[in-house]
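Consider the two complexes below, in which chain A is the common component and chain B and chain C are the respective partners.
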Partner chain A sequence: MAGSFLPAPPAHEPPAPARMSVAAKISTAASGRLVATALSWCVALFLIAPIVVAAAGAFSSSEFYGHRSEGSAPPGSLGLFWYVFSVWGRSLGTSAALVAVVVPFALLIGAPAAYAFRRRPFSGSKLLEAASMTPLSMPGIALAVSLLATLGGAPRFTLLAGGHLAYTIPLVIRAVGNALESFEPDIEPAARSLGAGPWQVARWITIPVLLPSLVVSALLVFTVSWGEFNASFLLASPLAQSFPAALYVTYTANSFPVAAAATILFLLPVVPALVLIQAIGGEPFRRGLQA
Partner chain B sequence: MRSEAAAVRKEAPHGGGRSLREPDATPARAAEEATGWSGALLCLPLALTLALVVYWPLSHLFSTLFTRAGSEALWQVLSAGRYRTSLLNSLLLSVAAAALSLLLSLIPAWVLARERFRGQGLLRGLISLPLTFSGVLVGFLAVVMLGRAGAVPSLLRFLTGRELLAGSAYTLGGLFTAYLYFEVPRAVMTLEPSFRRIPGELDAAARSLGAVPLSRFGRVFLPIAAPALRATFALAFSASLGSFGVALMLARRFTVAPLEVYTQLTGFSNDSVAGALCLVLAASSFLADRLLSGGRA
Partner chain C sequence: MNALLEARSLRKSYGATVAVDSLSHSFPEGKITAIVGPSGSGKTTTLWMIAGLTEPSGGSVRLDGRDITALPAHRREIGIVFQDYALFPHLNVRENVEFGLRCRHVRRAERRRRAAETLALVRMEHLAERRVQQLSGGERQRVALARAIAFRPRVLLLDEPLSSLDARLREELRGELFRLLRELAITTVYVTHDQVEAMSIGHELAVMSSGRIEQSGPPAEVYRRPENLFVAGFLGSANIFPADCAVRNGRLDLALPFAAVDAPAGASVGPCWAMIRPEDLEVVRDDGADFQAAVESSLFLGNQLRLLLRAGGSRIIVDARNDLPLTEGAILGIGIRAGKVVLWPREDAGASPKGHERDGAGPGPSEMPRGSGNPDAPAPQESLEGARSR
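Up next is the complex of A and B:
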């Protein structure tokens, strides 16, 4: 018999799901999805609850926590914010100036390089691309220590900007590079063959197509530079201190409501930036962060 | 003549419509010949910046190894009690935190990548919010929640009438929780796009062949997702290995390596030991990245 040449049938029957009714199958799948979604919301709760508690603290009365060591804001008012402004206004200004320098430089350095890596590869471009990603896995304090050892004589603001550039340029290269990968490579040669010069191609094709990814990179660089602490704390001097470094001082020296008010001031520009990033181009943003 | 045309075609990065071009289009031809140079020119600012702010300083750090003080410091760091303990604490804590955050991120990343439901954008936004928080901020949030008068101990006292978890932010468990707090958003945002690229047909095919969920997970999902999982682990590992702000806020009865660098540098002006610790940290991060992400840029 032909059947004897076939392998013996498996000892076990195929598992139970095969015999389950269609309705039961659908309901298991649906409840599984429901549980997964609920678990995801739990993770979100773990991440958000501390921010809500801290934010509520900024509007509470500091007398509740003992002496009013600073300011005398009536509870529920914005007084604590003015107090933080008056004490830490300088470092807020430093952080704002830092961001104003780092964002354009990171874009001007990173975006052309990303374009070259994808469209004009040359010998050694792969190596350079890998080398530009290395800072992402470099401990901030190690970079800060070595920057101080070599360029310690430079103005501290310059050092801070340099450290921030090391950590933000790779983000630009990734976001712009990913956008270039998903954009038809033949369009630019087509425009060239129709007589457009290199500047016209850049002006009318490349830059408009890359605009969303450039905006997302700018916002990403902004949030990272605004929040960078690991390298900045050691690089900062009393006169050039970024706001996260000042945050550390409020956390150790001020009462909880003041620290909470400073935290909210820190978050104030970050939240709209992240919302914009999600709205404009969630995908390049998430892929930009990918290792 | 023919060979010249062939050479031009070979040089053209996107061969396609080039052959249709008229032979007297000299400006385009010149631009084409300059391709290699123009690419290098566009990368020049990047190369200079990297050399100045990353590679010169790091190679200086590396070169201290070959001085007498540097090599002695490295030996001291790898053998003596306090420094080695800080390194081991950092390594173990980072491995454990990276592993658990990877595990915690699997389901949210999958749900964000594969499901469609109301409030998905909100969920993604909430999970990505702590992505760029500085370490001190995460440390502060840990104190707010788990400090001696934190929200969680207060709530537990209200519910049970007993002192539970008060001050746990300052323990190893508190530091570990804080590490999870900043690693989970990173891991979710890194995994989500990779999960989206896994073709759904494979899972459906395995299901139609009668595979139970566990074997579909082990035999279909894991092999496909393995590179993304490894890369995410490496990312989370180096993020916590370098995390200095969190430890600055929370580490009281123990020490981790970045904090030890800071203490040695500012407290004892012990530059060579700080440099040696930095070197070990940088080397571990770099190795984890190379080995696990396979040098994928």
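Up next is the complex of A and C:
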């Protein structure tokens, strides 16, 4: 908007010192915004690039991607998806079943734990909360081996679910814990003073207020559990193999277009989940949590 | 008087820290009792124990003669306004106010009617459908009050309801809140650290310090006849001097460090502490003066002039008319208003009266901008210099 009636950029004026500092802040904020925008784009591109490559591979007929192709399916058509589905349908089912078990259990264990850590702190609870985060940085192989060593006799599906819970419960504890921090601690005592018994406090106050963070936790657990590879690959058996583990086999054994098509299939339910997380993380989320 | 709410030897300790120390008090029915004290004196803990939100370490809470110590909070019928209001963030104004009724399974139509009625009482009916995040501090405070009274509790507790508002708004809402609370005529306990708020709201005033009630009674009574140094210093400003009562020429005389005056009625012979409020000292003509004092500094407060004087090694605060013609270093004649000196016995010359805990509230004038306030200390020369150069 050059040539408007606005004065020259205030940073170049030599006005009163107080004004100067405000102007300086404004220009810093503007350039800061520019840097932030550029950075966000870089990060987004970096994250999206592999998906773009996979998508291109799935729909491309170019032999560039398919140099290892055995010609098992005609590339460049939707038929490829059906092919993948028919071959890896079982592992898709396993992954779906895993998610169906892991999401509710992660919430049922993680949310009460977060509540206990933040609302009923006991001696050593801070340490315990920190310790509960360690699985996040545990190599999948270590987790898988320790699960096999301790619960080796259990069905493979149970072991898989256990591995996924170890990775996802910390996420729930973190998300719900943060939500608990962000609303006034006195609202539960307030509800009690107004006549709400323990059950009514939970049903009418605690759970509704935590609901956005519970939904976000569920979606996070879903995306992590759906995509978890390291531990799942090591814990997999021929009958209980999660989709990412099956995907590995596809990438190594089949052609790239087939694997890429499988990847797109894999991403299909993740994208809406991520969009939902983003949406809930916005206005309604804050509205629910701000006091 | 029929006491509805009663605390008996109520005690709360956290490990070695004693928050409330065997507090006993009867809160008169239908009246407002203001509990005032510095932060950390156990006011909020007392309130939470009355509400049943904190379990006492000892003692009991009684409502209408019934021991309710073991009764859970949700069965006590005690409304509470929290310091941070603690409005439910996921409910709108009306739903917040209806909450107590919802817990009591009041029908929807009746609930609405009573919420509207209560909101009208606090003049918030036009904002019933607002989200609480959209409210200003003053509006939140009113919703919190409406929520606490909508279910018609037996007792209302307020925990510093004005403290999170800025000074101007506080002033504005104070009158409105006080009028409303008096209209409600419900047994009310009002906790605050603000002495002006406490004295103006309460039918009854209780001054708390270190987990105990130091003194209670009608506000004017507590202000005029504080029972110890802490109460004297916490409510308003006080001049406190070591003094002696002795019989001279057949009359009981009070010997202050800088003057000898007639002892007040009821005084007994012996060493004592004498307390005189700044407003009970007046600048008078020399012939009517009880003593002479030099002006050390003065503070213009708008509606009055606060003088820091020095006489016989003691520092004295005097509140004077704001149009007093004042010359630097002037010597003024000061008169003590009849019957306004409060005496406490003084066991040994070095000790200070009971309740000597508050910072800067040692014997001597409090609430002056500078100076140690110790009347026994030698006159600090630099302080006098400073006063002259003002």
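By definition in this document, the second predicted complex is superposed on the first by the 224 of 291 C-alpha atoms of A that agree within 3 Å, B and C clash if a C-alpha of one lies under 4 Å from a C-alpha of the other, contacts with A are read in each partner's own complex, and residues count from 1 in each chain.
Note that in this section contacts are C-beta pairs under 8 Å (C-beta built on N, C-alpha and C of every residue); 3 or more make two chains touch, one makes a residue touch a chain.
Because the structure is a prediction, the values reported are computed rather than measured.
> On chain A, which partner touches more residues: chain B or chain C?
Tallying touched residues of chain A, the top partner is B.
> If we overlay the two complexes on their shared chain A, which of chain B and chain C does A:W41 touch? Say first, second, both or neither.
After superposing on A, A:W41 lies in contact with chain B but is clear of chain C.
> After the superposition on A, what does A:F183 contact: first (chain B), second (chain C), both or neither?
A:F183: touches chain C, not chain B.
> Does chain B (first) or chain C (second) touch A:V209, or do both, or does neither?
second
> Regarding the shared-chain residue A:R192, is it in contact with chain B (first), chain C (second), both, or neither?
In the superposed model, A:R192 contacts both chain B and chain C.
> Considering only the touch criterion stated at the top, classify A:V221 as touching first (chain B), second (chain C), both, or neither.
The answer is neither, since A:V221 touches no partner chain.
> Scan A:Q200 for contacts with chain B and chain C and give back first, second, both or neither.
In the superposition, A:Q200 touches chain C alone.
> Please write out, lowest number first, the residues of chain A touched by both chain B and chain C across the two complexes.
186, 189-190, 192-193, 197, 287, 289-291
> Quick check: in the complex, which residue numbers of chain A touch chain B?
14-15, 17-18, 33, 36-37, 39-41, 43-44, 46-51, 53-54, 57, 108-110, 112-113, 115-117, 119-123, 125-126, 128-143, 145-147, 149-151, 162-163, 165-166, 169, 173, 185-186, 189-190, 192-193, 197-198, 223-224, 226-230, 233-234, 244, 247-248, 251, 256, 259-260, 263, 266, 270-271, 274-275, 278, 282-283, 286-287, 289-291
> Which positions of chain C touch chain A when the two form their complex?
Per the stated touch rule, the residues are 48, 51-53, 72-80, 82-90, 99-100, 102-104, 131, 133, 147-148, 151.
> For the complex, give me every residue of chain B touching chain A.
It is residues 12-14, 16-18, 20-21, 27-28, 31, 35-40, 42-43, 45-47, 49-50, 52-58, 60-61, 104-105, 107-108, 110-112, 115, 117, 121, 123-137, 139-145, 151, 181, 184-186, 188-190, 192-194, 210, 212, 231-232, 234-235, 238, 241-245, 248-249, 258, 261-262, 265, 271, 274-275, 278-279, 281-282, 285-286, 288-289, 293, 295-297 of chain B that touch chain A.
> Considering only the defined contacts, which chain A positions touch chain C in the complex?
Residues 183-184, 186-187, 189-197, 200, 204-205, 208-209, 211, 287-291 of chain A touch chain C in their complex.
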